[in-house]
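The structure appears below as structure tokens.
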Amino acid sequence: MASILTNLFDGVAYGMLLFVLACGLAVTLGLMNFVNLAHGAFAMAGGYICAVLVNNSGWPFFGGLPLAFVGSAVIGVALERTLYRHLYSRSHLDQVLFSIGLVFMSVAAVDYIMGSSRVFIKLPAALEGQIDLFGVGIGRYRLMIVVICGLLTLALQLILVKTRFGSRLRAAVDDPRAAIGLGINVPQVFAFTFAFGCGLAGLGGALSAEILGLDPYFPLKFMIYFLIVVTVGGSSSITGPFLASLLLGIADVAGKYYVPKLGPFVIYTVMIVILLWRPNGLFGRTAAR
Amino acid sequence: MTIALETRGLEKSFGALRVTRDLSLKVMQGARHALIGPNGAGKTTVINQLTGVLTPNSGRILLEGTDITGLSVHKRVLRGLSRTFQINQLYPDLTPLETIGLAVSERMGRGGDWWRRMGTRSDVNAEIAEILSRFHLLDVMTELTSTLPYGKQRLLEIAVAIAAKPRVLLLDEPAAGVPESERHDILAAVAALPRDVTVLLIEHDMDLVFSFADRISVLVNGGLLTEGAPDEVARDPQVRAVYLGEAADA
Amino acid sequence: DDAVKIGLILPMTGGQASTGKQIDNAIKLYMQQKGDTVAGKKIEIILKDDAAVPDNTKRLAQELIVNDKVNFIAGFGVTPAALAAAPLATQAKIPEVVMAAGTSIITERSPYIVRTSFTLAQSSTIIGDWAVKNGIKKVATLTSDYAPGNDALTFFKQHFTAGGGEIVEEVKVPLANPDFAPFLQRMKDSKPDAMFVFVPAGQGGNFMKQYAERGLDKSGIRVIGPGDVMDDDLLNNMGDAALGAVTAHLYSAAHPSAMNKDFVAAYKNAFGNRPGFMAVSGYDGIHLIYEALKKTNGATDGDKLIEAMKGMKWESPRGPISIDPETRDIVQNIYIRKVEKVDGELYNVEFATFEAVKDSGKTKK
Amino acid sequence: MPDLLSIQGLRAGYGEAVVLPDMSLALAEGQVLALLGRNGTGKTTLINSIVGIVRRLSGSVALAGRDITAMRPDQRARAGIGWVPQERNIFRSLTVEENMTAVAQPGPWTVERVYEMFPRLQERRRNFGNQLSGGEQQMLAIGRALTLNPKVLLLDEPTEGLAPIIVEELLKAIGPITRSGGICSIIVEQNAQKILGLADRVVILERGTIVHDAASSALKADPSVLERHLGVSGAKAH
Amino acid sequence: MTALFDVSTHAMASARWRASEVAFWALALACAFLFPSRYLIMTDIVRLGLFALSLDLILGYAGIVSLGHAAFFGIGAYSAGLLALHGIINEPVIALVAAGLVAALLGFLTSFLVIRGVDLTRLMVTLGIALLLEALAERFSNITGGTDGLQGIEMQPILGLFTFDMFGKTGFFYSLIVMFILFLLARRVVHSPFGLSLRAIRNNPLRAAAIGVPVNRRLIAVYTLAAFYAGIAGALFTQTTALASLDVFSFERSADLMLVLVIGGTGYLYGGLIGAVVFKMLQELFQSITPQYWLFWIGLVLVVIVLVGRARIHRWVLFVPNLIIRQFAGRKAAVAVPESDAS
């Protein structure tokens, strides 16, 4: 019984981590309709920024996390203003080519600068080990992930659904020409959104170093996972990818625990089955695009 | 006279919204039938069910006496039911020649030929040539559809529907967006159809409706309000109240 | 002509890139130390990246042989790559020096293959024996699900159960595995005395961190295994959780010999981090080539070179090693090490030595 | 009284093609101007130049005496240009209500007031843009422009696809909206008949140039102008 | 009657061989004799070109995006490998066709999963299928050799006459001929009414159905055909390298394929071939300059290609050839230029 709950908790934490990593992509791909396969590169950037600050410059871990967000967001907005914005109106295939190109460049550049070995971020002692809660082992680090990610999710959902910014963003995506003609500052909305998505990715990258490992191939290795989350979740809201992340996290952990022989089958099978059942993802709007 | 197209107790809802309510409609063979009604009355939805794009929740659709309710879109076309769209549905990267060529090939059941090159069957070519010239599209036949002026695109939209040699043709606001001076091209093309082709027209331009239709059904809130000859309908106070307004003086 | 060409095929990109980098670095270091001429011939290295994909390996090897007319092919980060090149070595009659790949079968695939790395049988059998002798009765195993992992598992099991040990849980994790949590939980729930672990070098760090997170270090479940999981490359970053892990391996950066001290210092000086066992394998691989050329007096005939390599013995940073004249595989000491803190850094400190261990995985004739 | 909207020597087009060679036009407060012309004569181009989404080569646009030529389209919109695009351009993944709230500016026109004008929209308020009928989309495009509370209302073929009774109501409403709100309106229309009764002033374009500019009462008196420029008889169609 | 004449000439025009196409193939053949030391990489290019051609059939013509095309490549590769390894079919050409058919069967079965859904769904479902197959191949290591791959494949001479040699000469000509034959078939198919209906579906499935095109059936047919092509490419891979290992199914293989096709341009059949040449040559060039960091430069090239615009690059690259061709063949005979992309 205790191990069921521990597994459930691990699954939730893993899912939340996936969500923070992928939700920026859910915004760029799902809302802005831009296929940014380089999303993982921003996560990697956040991870390395945090690692360098904490390991080399002696920053505390909790000081490194916000800077991972800010650093990635700044890189994101710089690239958005110079490169990405020229590609919003291009075909998806162009976007794929472009963003894969960026991934390749980032991988090689990080390999050159940081070396190809894995990097770890030194954690404060408070985050190490497990707490025992009525026999259920709760990892402290994972607990922190659950808390941070949970709060982020709530905030994000509020911004997108309850604020005018959310509908302006969707309007800008649907029809940029009409949106700008009707008073929406489309470039600004896009740049802000993009930067925010990159920042989240950076935060996710810093949080995930401990669990997923951080090395120059991070953006390529996890690209598939991000895409799975976004597709299974559907692109019309943040709740979709969130539930998809949780579902996949729990299914993956449970699958590996109970049927370790079927390891990789679980996540792919879950994905295919869901997509056959709901081709637009769990929360996709059937009629939209 | 036989019935070309008929619906029996058609029902369609989007969630809680009943868009088609117990609709029973008969369109006679060779009729020039118009379907009018307020915005959002469900006219386009009816067409979408007739052609198989939407599946009705209940009710039957009969084409020349046979039940086609469960048939897929393309099979209905092969049985002689063809349509135009309220908003052009064309192939931006294909030329009018290819667009019409494909429609003709499909109608002759040769659309699946994978070993034969296009343009090698003279019967197909002859028919393409005939349709292109009837719709004044010969001079632009090798240009990409996306680069054609709107009026030509609208003509092509109708030409494609007619290339399928329908026995029943459904027109959804064929004159939408076409300026008055060019409407007669479209009207003329439709008027030139053989008399045994049945036409069901949806249109908000009352000049066009009254000059074209010999029978009019009025749809309101998904159900049939009234039906009759044009002058009867035009005089109907209910129709005037919900749809025509005061200006109608046909 | 006066040049000897060596086609060095390594994974320089992709998940195995760190293996390739270590070997490449070690070879550069060696040539810097020993000069680039042997027996009057200039040594020329042609480095190619195969990203650990066997068909790349094969094409690159073939082109190196046919177009560049290389005299050796060397490197090979993973088993399938080494195997893919084997028929070419045979056909072209040139030596294939395997500097990383670790499954037993490799050297049997061509009479021209020589290995300077290790086989997983070497370390896994030793740790199996050691475990039995040191009072470990119940072991749960966690191995990466691919050929080397399966080798490690099989040989460990053989020796451990033969000595009366019991395997209480056996988990194979996918090679590309992001999160160890569920597997570790399974380990924990099976309550063993120790867990036998093989994951490819790069993943060791993550594994150990999660091992600690789950409190396995505190619950008295020790980590044992072949040394890959405790690769010197990453060891120092793993944190105190790694303390006390016992592994059997061919090399430790803490190996107490003068030669090794110099090697470690020079490597650190040149590349900024510690050499791992891959670096040593590369270092010895190029040494073997140099020595063979010396013996043949610069002659590059493949058969002669292989003959020269067979039975060669020398002192490596890892300790004394030799090439088995029958199998052309490496014979080396396997050390039992424990992770300890030395001068504030984590090291695998050797405390027992099994001398001149041959690969026991060869098919018995 | 100063002109609310004033266009001076505007030259605009697409790529190489110049559609409007040299356009000057001024509208006073309370004025409703009908813009007529055959297909492709540049009516939409003129509207879109005022909105700011067509490439301007030279000339200037001023709103209430303030030069807005250098402004981006979104700034112009917020400064008071309200636009009903010819293609409606409803935001398909926004609900009916969001389509309006996303762009709304403070002022007398609220979403509620639009609902009063088009009750149909209120019924469909939670529908997404791509789930509307053709006519409902048109109503929404008009409502959306109104919630911007513009000083200049640009309506590009607003009656297309609307039921006759709605057309009638809409056209009847535009005059009062314009006059009571102290704004000005430009309506592009294919059907000259529908519009003559409503507009104060009629401008006819031909190849991007104004060929006729007069009070609509003058046109009513002399239908031959329509015949000449638009190729349709000024007399009743039937 | 001139209308009829016009229609038939124009209708047939697209299928007519252009001077540039003849030049292309002449050049390909010339390469075979000009670079006798590079047969291996050229074989690699030909194989990749054929594989990309297969993707073009579904992506460029029918608008089906796939990130899992390696599934069929892999099935073809393993089928050919197993057939040869166990001596079931020893003659390579027959084995090749057999392997292609196995892949086609898989294509047919999975097509039902793929034709549903929007682009993104298709992308992920295809990817999922390929990854599942990879996992299966790993699991059933007693058949597939697991991570070590199939070992000890020995190919018999082609038609009993031509042995595969160390220099890759036989392998190259074999691959080139197979590719050319399949190219001719593909060319025939895309210029048929069937091919036209695919383009119509890609452009507007709603309208396609509304003129009587059985959309799903056509998509299933072309998906199966493309799987056959990919299977053949995979089988060629095994036959010319005597290898088959898990990475034939890998995501990287599918992703590279996408890059290749997009670089070359979709929807005119030559895109995959040209893309394969460009991609492989760039890779080769950068790898020889910097074996460690070549990815950076490839990435940079991709980014630049997109920023400059593929269409513009095509125009620049084709400027000189077109000039020459026009001299000889008159104004209309310029090199085919790709259609605008799907999606």
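Should a chain be cited, it is by its letter among A, B, C, D and E, assigned in written order, with residues numbered from 1 in that chain.
Everything below uses one rule, namely that a residue touches a chain if its C-beta (ideal position, glycine included) is under 8 Å from a C-beta of that chain, and two chains touch if they have at least 3 such contacts.
Worth saying up front: this structure is predicted, and the values here are computed from it rather than measured.
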Each chain counted as touching subunit A and subunit C at once: E
Farthest chain relative to subunit A (centres taken as mean CA coordinates): B
Intercentroid distance (Cα basis), subunit E paired with subunit B, Å: 41
Centre-to-centre distance between subunit E and subunit A (centres being mean Cα positions), rounded to whole Å: 33
Rounded Å distance between subunit C and subunit D, as computed from the means of their C-alpha atoms: 76
Approximate Å spacing (C-alpha centroids) for the pair subunit D, subunit E: 52
Numbers and ranges of subunit B residues touching at least 2 other chains: none
Touching two or more other chains - residue numbers and ranges from subunit E: 135, 292, 294-295, 340
For subunit C, residues contacting two or more additional chains: 13, 17, 21, 145, 174
Chains touching one another, given as label pairs in label order: A-C, A-D, A-E, B-D, B-E, C-E
Subunit A - residues contacting subunit E, complex: 29, 83, 86-87, 90-98, 100-109, 111-112, 220, 224, 227-228, 230-232, 235, 261, 263-265, 268-269, 271-272, 275-276, 279-281, 289
Footprint of subunit A on subunit E - complex, ascending: 65, 113, 116-121, 123-125, 127-129, 131-132, 135, 139, 251-252, 255, 258-259, 262-263, 266, 292-303, 305-307, 310, 340-343
Contact set on subunit E toward subunit C in their complex: 37-38, 40-41, 44, 135, 138, 146-149, 151, 166-168, 237, 241-243, 245, 247, 287, 291-292, 294-295
Of all residues in subunit A, those that touch subunit D in their complex: 164, 167-168, 170-171, 173-175, 177-186, 236, 285, 287-289
Complex contacts: residues of subunit C adjacent to subunit E: 10, 12-13, 17, 21, 24, 47-49, 53-55, 58-59, 62-63, 65-67, 79-80, 83-84, 87-88, 91-92, 103, 105, 109, 145-147, 150, 174-175
